[in-house]
Amino acid sequence: MSSRDDTTSQRKLIDVGALASTLAEFARERDWEQFHSPKNLVMALTGEVGELAELFQWMSEDDSRNAASDARVGPAVRDELADVLVYLVRLASVLGVDLNAAVGQKLKTNAAKYPVSASKGTSKKYTEL
Amino acid sequence: MSSRDDTTSQRKLIDVGALASTLAEFARERDWEQFHSPKNLVMALTGEVGELAELFQWMSEDDSRNAASDARVGPAVRDELADVLVYLVRLASVLGVDLNAAVGQKLKTNAAKYPVSASKGTSKKYTEL
Amino acid sequence: MSSRDDTTSQRKLIDVGALASTLAEFARERDWEQFHSPKNLVMALTGEVGELAELFQWMSEDDSRNAASDARVGPAVRDELADVLVYLVRLASVLGVDLNAAVGQKLKTNAAKYPVSASKGTSKKYTEL
Amino acid sequence: MSSRDDTTSQRKLIDVGALASTLAEFARERDWEQFHSPKNLVMALTGEVGELAELFQWMSEDDSRNAASDARVGPAVRDELADVLVYLVRLASVLGVDLNAAVGQKLKTNAAKYPVSASKGTSKKYTEL
């Protein structure tokens, strides 16, 4: 295997290291580690996803495709996506979960659950394919 | 400024590019783009966060700190974190939102809302500080 | 005013008393009161709402209108609605909140926030009317 | 069986009829029926549950038991519980689901899944009992 292949095969699906460090420092400076139990962070994540849902609740699917470029709702969408990301990364971090490894494993599972031939053009769950 | 400084200052908080590409290809192969409206993906994200919450709902905060290393619940925790990540990245992708930029902006907002002096050791919302 | 009118005017918006009692007994028999802190029940409620969202996530709005009469998804919809109701009533119960009073108060607030003249035909939030 | 027993056995677990009617009228007056598809209402329900979670996210389990009597957070707790109830009842209503029947069926299922002998003092899911 050439070194080029090596590099390619080792490219991470995601790298959230710098954000995780920044969030850890942010919490440490404020003495917030006491509040950041995984249980609490799951609730905080829930809350942010709820705020995201509120932005989309009365929108048609078609309108939702243009939500980010809408002058009124776009900034709020970016804000809430960032909030969800912040709590997801912080949660994985305090749990000691490697998100890149977890998602790599998940993609393998999903590819096995949803072979192209069976799942093409259908939104059915793998248990119903 | 040296080129090295340039590189450093440009280090991304997160890089989800490879995952976003993989998910786009996964959807395209299965003709799933028709289902992946932002509105639908927000609901899917909600569903996965709900599954995550189920894992933690009866756990004490203390037990939640060891959830990932628990033989029984650990694999499920990694699975659900990955599912949340998958839908978050896919959602940002179809919306055309740059998550790295959005979270960079958000961190600035949070730093302004929660100065260390006012927020140290308290979980109060910025509106109550 | 006759006593009959009195009775009518006092008709409750909701009456969840029998369900609340049944759930309390169910928990007591199983020694589950230790797990039923409001914090935990909020997470359980979140989990059930997540399962409900999963049923609707890939459905069009039009199809969602017929979800309950669909032979495949209908029973699951009823099941998840019941689960959400169970945790909501149990949560209010352990918190000591009178849901009928709370919703009566809320309806007054909503009527004030959304006068017919300003809110007719628009899904805008009251802060934007 | 006496007629008195008949009456007793027919007592509803819940009665949400008056609230459902009030909400239907509220929507009709404002021409909001167009927005109230089940899919949209599930998202609205999600949003309200998210707001409820936000109130409890940094609270200890012990503190959560006194949340409703807390002068600062109590009114917000009642408000959010009412919001969740409103969307749940409205959702069942537009779906044509009889919540009383659904929850009656659910209680039977739960009693079978969680016999007292097997589930006493444990928070394990029925699949693990």
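Letters A, B, C and D name the chains as they come in the text, with residue numbers starting at 1 for each one.
Please note the rule applied: a contact is a pair of C-beta atoms (placed from the backbone, for glycine too) under 8 Å apart; a residue touches a chain by one contact, two chains touch by 3 or more.
Just so it is clear, the model here is predicted, and its values are computed rather than measured.
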{"item": "Chains touching both chain C and chain D", "value": "A, B"}
{"item": "Separation of chain D from chain B in steps, with touching chains one step apart", "value": "1"}
{"item": "Chain pair showing more contacts of the two, B-C and A-C", "value": "B-C"}
{"item": "Averaged-CA centre spacing for the pair chain B and chain A, given as whole angstrom", "value": "4"}
{"item": "Whole-Å separation of chain centres (CA-atom averages), chain A against chain C", "value": "29"}
{"item": "Multi-partner residues of chain A (each touching 2 or more other chains)", "value": "35, 39-40, 42-43, 46, 49-50, 53, 56, 58, 60-61, 123"}
{"item": "Complex contacts: residues of chain C adjacent to chain A", "value": "39, 42-43, 46, 58, 60-61, 123"}
{"item": "Contact set on chain A toward chain B in their complex", "value": "11-16, 18-19, 22, 26, 29-32, 34-35, 37-40, 42-43, 45-46, 49-50, 52-53, 56, 59-62, 64-65, 67-69, 77-79, 81-86, 88-89, 91-92, 94-97, 99, 101-103, 105-107, 109-111, 114, 116, 119-121, 123"}
{"item": "Footprint of chain B on chain C - complex, ascending", "value": "35, 40, 43-44, 46-51, 53-54, 56-58"}
